[in-house]
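Below are structures written as structure tokens.
The same subunit A turns up in both complexes below, where it pairs with subunit B and then with subunit C.
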Partner chain A sequence: MRIVVCLKLIADPDIIEFNINTEELDNIHLVLDPIDRYALEEGLALREKWSGEVIAVSVAPGAGDDILRNALLYGADRAIRLWHNDLQDADTWLVSQVIRKGLDNIGFDLILCGTRSGDSSSGLMVSALAHRLNIASVTGIIDLEVGSDRKLIVHKKLPKGERETYSLELPAVLGIEEGINEPRYVAPFSKTFREGMKREVEFRAVIPGGLKGKQLTTNLRFTQSRPRVKTGIDISALSMQERLKMMRGELGREKEELFEGPPEEAASKILAVLREALK
Partner chain B sequence: MSPVSLTYWGIPGYAIFWVLSLIALVLFLLRAYRLWRYLRLGSGWGIFTSLPGRLLTALFHVVAQWCQFKTLSRRDLSGLGHVLMAWGFFIFAVYYLLFIIIGAGFGIPETIKNNSFFFYYSWVMDIAAPLVILAALWGIIRRYIIRPPRLRGELNIEALVILITVLIHPVTHLFKEATSIALGELPVGLGSSLPVVSSALSNLFTGNTLSSIQNAGIGFFWAHWGVVLFVLVYIAYSRYLHIVAAPFNILLSPPHPLGALKPVDFEATEAFGAGSVTELTRKQLLECYSCVICGRCQDACPAYATGKTLNPRKVVQDIKGHLLQVGPGLLGKKPGGPASNPGTALAGEVIANDEMWACTTCGACVDICPVCNDQIGMITELKRRLVYEGIYDNGHKRALQRVAQDFNPWGIRWNNRAKNVGIDEAIEGEEYDCIYWLGCVAAFDERVREAAQATAKILKAAGLKFAMLGTREKCCGDFVRRLGDEGLFQGLAIDNIKMLHNYNFDFILTHCPHCFNTIKNEYPQFGGDFKVVHHTQLIIDLLNKGKIRLQESSQKSYEKVIYHDPCYLARYNNIHKEPRQVLGKIFDEVVEFPRNRNNSFCCGGGGGNAWKEQEAGDKMSVARLEEAMRASPQVLATACPFCFLMFQEAIQIKGNGDGINLRDIAEIVERYLY
Partner chain C sequence: MLPEVWSFIEIEDGDLHDNARKMAAEARRTAKIFDAAACGVIFGQYSSDALEEVKWYGLKKLYLFQGEPPLSPEIIARSIHSAAARLSPRFILFDSNPSGAEVAARVAASLERGLISGCIDFESEDGRPLARKAVYDGKAHAVCSWTTPPPYLATIDSSALEDVKEKNRTEPEIIREELKSEICLTNLLKKWEVSLAELDLSEARVVIGVGKGVKAEFMEAINRLAGAIKGVIGGSRIAVYNGLIPLERQVGTTGKWLNSEVYIAIGISGAPQHVMGIREVKNIIAINTAKEAPIFRYARLGIIGDLYKVVPELTGLLESDLKGES
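What follows is the complex of A and B.
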């Protein structure tokens, strides 16, 4: 079995800061997308069941070597970086084509990705790859069972905690959800780490000009989230009566106004209020 | 007339004497040689410097019996028995050598005995023998009738055999002397007053015929020498071995075994830690030979006391047993080579994972060991091998993972370190009196942060220029190293040292005793030589120098305070006077735990076990809190954030802990600041 794990190099979302003065991003620490740690762990765990190899793949500039090297130290058998300078602002559609191209003469049985990335968070990569490669795909996987004969049973997490269970046949591309497993810890210079030290990150240049797929979207800018005005109420300052009102959802709401009269008259009154509000 | 010079059944006594003695010696040497070869299976002897100092230490431990006196307590007086036996043994050994081996063995008993030295030595022996008899009888009664808990699990026949031989020596000696006196042989006529006990015993023979007394004398001589030879052989086959091994073990022990762990050289070592006896050092194997199974470590171990599987005595004995078991096989092959497969893994099979993980590295076992064994060093080597193999306790693993990612064991993102502490961050190029090293607890825990802020107020009051390091400070690596993850530790240590070298300061003030120990004792291994001060040391210094003043003494607090000694302060770094001096200046009554100072009982948070998954037995923190509650203090003071956290939890578990207020010493001082 050959398991490909796609790793994304992102700016640490917890650490990054938006500089109001320069309107640029500060504190950029490039790290492995946290959700991909779960995908990598799932790949490594599946390899232990199946025997085979785990190949870590990343479309990233030179800095991506670090996360790929780490994947090797954590036990991946191979690590491949795909890149071309023209890919600087590539969108999901184009990157999926790069990955397809990169995997051309490698072959795979299963591709694992994080369901959505920690930076752009489009959640499209799994579907894009499935389309490119014409294989099965499921995203949001919170549990994975190995069935018999190249069959997998996957549990997909739905928004309110419901689950859907699918059966699918390999090859497939799966979007792994956070919390599906507990990523391993590999101590520096331990056995697995030493084995990983012996392997090198492979590099493949992929020229986007030669690809069939084109970029479909262009990222124009990044803006900070609008500062939220605190609308919360200090509960401790409320009287018991007010607390009851709050529990019924009556507190903090704007005054209700009832428009009475024949429909046409009422409608024009409402329209006048709306016009006033929109001024 | 010497019994050796007689003829028995046609065989000359000399032949019997020397043949028997040589057989015993050969049996002893054969076994000793075998044990020596097993010992040489180990990898190197370890660092060996400052010989004169070590020699003095060893002599002090052995000749002056400091090994016993250092652990003597009102609760446990058995060390006195050992002192009597040991001194008796030295006196007897000289007697055997001079008057039996040289005197009787070479047929010159009259020549060697007919002088005042023999006369005085007879007196010495006459005083020593009854004392040894008393000690041996006391030992037998204590061991097999009183049965103290310290000896639990080791009341086997071996100890009884040893005690009986110890008893027989002086008894047969006294009777042998008594017959000599009854027969009017030496030391009769050498001095005015004869040895009291032997001459009193000689009265038993009055009225007997001369030949029957002679026969009795011959019998006692041979019985006596027989026991001596038996003991010689038994030394090599039993825990008696400590007579030979322990002095060398103490000689090879570093001056103060606690403090720093031995670093791993990752370039020279492929698989770090010890997976088999061949990967332990020879010193560590010698420790196994030296162990006399006294059970002091078992008695001191907080893990054992609270029902965990760990027992330091068992760890040492299990490794010894394993060495003797696999030794022959290993010797058959090339020692140390890859072909020598010891069969069972030392870490994980001989010593179970749970045993190693239960160790809080409090150091009680190392501190109390009479033969200077370093059980923590041994356990750490085994833990290191588990880390190499990738085997972890889940709680430990997560803590290590968080440190690897965010440089703190809590898993809070590193950019939030020391947020809201309200201390200025250090600026490169500025001169500071001190850098305040917060440590991971004060940097992230809301409650302990208050203690750090109190320390900062004290520093301000003293007019010191200080700063903290904010997000540039990383976990010092104390518990990381103690869990065996040496690679992660060295990374942290090197990063921290490099970062600290960017600043100009006089000393580092640490809030946490664990950081204190690591930066002070372990960072020098990686080129970080800093002056490190713990906050209790600084506070007493500032008070003594008058840099800070407390409120008038008439306002001394009438509360009763109890002080818990953190292991890494008291036991590891001998800082126990300072906190007490500080508290004595503020409180009317400072009470003590029954186990205090070097004898302190761990809170359970050391060695990474604050993050360990739920384990068997009681919580150490609760056991310690209960101990405190018996003294019914109003304030429980400590100087370690980990002790603080563990007690906080214990107080929650015990309801409100009888209204005990938990305080860091810095908070107390800040409250009473003038």
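What follows is the complex of A and C.
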């Protein structure tokens, strides 16, 4: 089974900051999108079970070599970087086109991506790839089994403990959800690591012609984050404390109540709140 | 004729749920911003109650796609695609939950139209629609726009949605559309729920938190409460140290971050690192003997009293409540 894992190079969401003065993003430190580690691990685990090959692919400038080299050290068989300078501000749709072109002469049974990215979280990549390649796809995968006859059974994670089970046939694109597995630790100078060190990251320049003007959305500027002003709230009438609450999205919460009294009454008060909250 | 704003209103078990009502309101709100007509897009089997309720949101048209649930995102997306290609709405809006996000992405890919995900707000700049969305876990917002002609696709972040009814009921025009369920590449086999015992804390609707104030021999009573309320038991770091709960049930900065409807803090004082983990909880109920416990500052309902008396009392009430229902 040949498994392609798409890896995204993003600015570390934990340390990036919005600079209010310059209105730009500061503290940009490029890392592998955390959710992609789960996709890579799933690919490696599937290869161990079904044998085959794991190919890590990333559409990234030179800095992307680092995350691809890491993928090799973790056990990927090949790592391919796709890039052209015109792709600097490319949206998901355009990047999906680049990946499709990059996979032209490679062939695959399964493509794994993170369900959504840690930077723009458009959540479009899986569906875009599936559409371009005309193959099956499901996002939000929290569990997957490969059966006989190239059949896949996958479980999609929905909120509050709900799940959906799908069947589909290979080839397919799957959006992997965080928590599907425990990404492995590969010790430095272990066998896997040393074998990974021998491999090189391959580079493929994508032909820019035919790619331009293929964006569907554009990012105009960054602003400070602020929640939507809800209906019926007059900001000018709010106190400083209420404005801070609004910033945190806490405005308009139910009134707080403290109760001291006999346990029976306390219990019925709790019950009333529960009934209202869970209706 | 006004351009149309379509909103995907998700029906669950025939009924309109919280987010469905909010998505109906969102159609109206977006329609107001862009001077358009709000329309609802509904799939599956819907009760007449659900259809009555949706009339409170000022929708001009309702597109109904009737079919036997569960309908896969693929079937829904193919059906919306075919209706949208024919009727060319200006906007198509979706909830940003996993189902809405997948349907939106599929429709965007097949129509080759722009999708902006997790929108916080919309505005019109010289007639050009702009969307503001969170990037990098909300560290900043990005102002984005569509570079393709309509329909403009968007998913709306749940923090931005609100349930706003109109003053008067309106009678929307009902339009029946056909499901496109042929040539599907995915097959939705079933919908199910993870059992309470295996449910992760971050996914639970109701969480009971135990802390320093709870003795090991009282855990049986807590378990009974959890059973009666269909909740999952978690707790503070001290509860882990005292062996009341396993490590993966710890709530707080070094443990799990909750997103539940209800959190009942029992014998928890409310240390900052614990409180961080319950920030997103909608209703916090705290039971503690100490009046000055910081947890009360975050609680919607604070009970100053003996948890060893209140908990059995509450369990009793809940259990008799359940009996009364069945």
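Points to keep in mind about this one:
Everything that follows uses one rule, which is that the second predicted complex is superposed on the first by the 222 of 279 C-alpha atoms of A that agree within 3 Å, B and C clash if a C-alpha of one lies under 4 Å from a C-alpha of the other, contacts with A are read in each partner's own complex, and residues count from 1 in each chain.
Simple rule for what comes next: contacts are C-beta pairs under 8 Å (C-beta built on N, C-alpha and C of every residue); 3 or more make two chains touch, one makes a residue touch a chain.
Every value quoted in this text rests on a predicted model; they were computed, and no experiment measured them.
Contacts of A:190 after superposition: subunit B is touched, whereas subunit C is not reached. When the two complexes are overlaid on their common chain A, residue A:124 makes contact with subunit C while staying clear of subunit B. If you count the residues of subunit A touched by subunit B and by subunit C, you find the higher number for C. Looking at the shared chain after the overlay, A:166 reaches subunit C, while subunit B stays out of its contact range. Within the superposed three-chain model, A:268 lies in touch with subunit C and out of touch with subunit B [touch as defined at top].
When both complexes are overlaid on chain A, the residue A:43 reaches neither subunit B nor subunit C. In the superposition on chain A, contact is made by A:217 with subunit C only, not with subunit B. Taken together, the two complexes place no residue of subunit A in contact with both subunit B and subunit C. Residues of subunit A touching subunit B in their complex: 14-15, 27, 183-194.
On subunit A, the positions that touch subunit C within their shared complex are 11, 13, 16-18, 25, 91, 93, 115-116, 118-124, 126-128, 130-132, 135-140, 153, 156-169, 172, 175, 179, 215-228, 230-231, 249, 253-261, 263-264, 266-271, 273-274, 277-278.
The part of subunit B that touches subunit A in the complex is made up of residues 264, 266, 270-272, 387-390, 392, 397-398, 400-401, 404, 413-415, 485-488, 490-491. Residues of subunit C that touch subunit A in their complex: 70, 72-73, 97-99, 101-102, 104-106, 108-110, 112-118, 120-121, 130, 132, 134-148, 155, 159-160, 162, 164, 185-194, 199-200, 203-206, 229, 261-262, 264, 282-283, 285, 287, 291, 296, 299-306, 309-310, 313-314, 316-318, 321.
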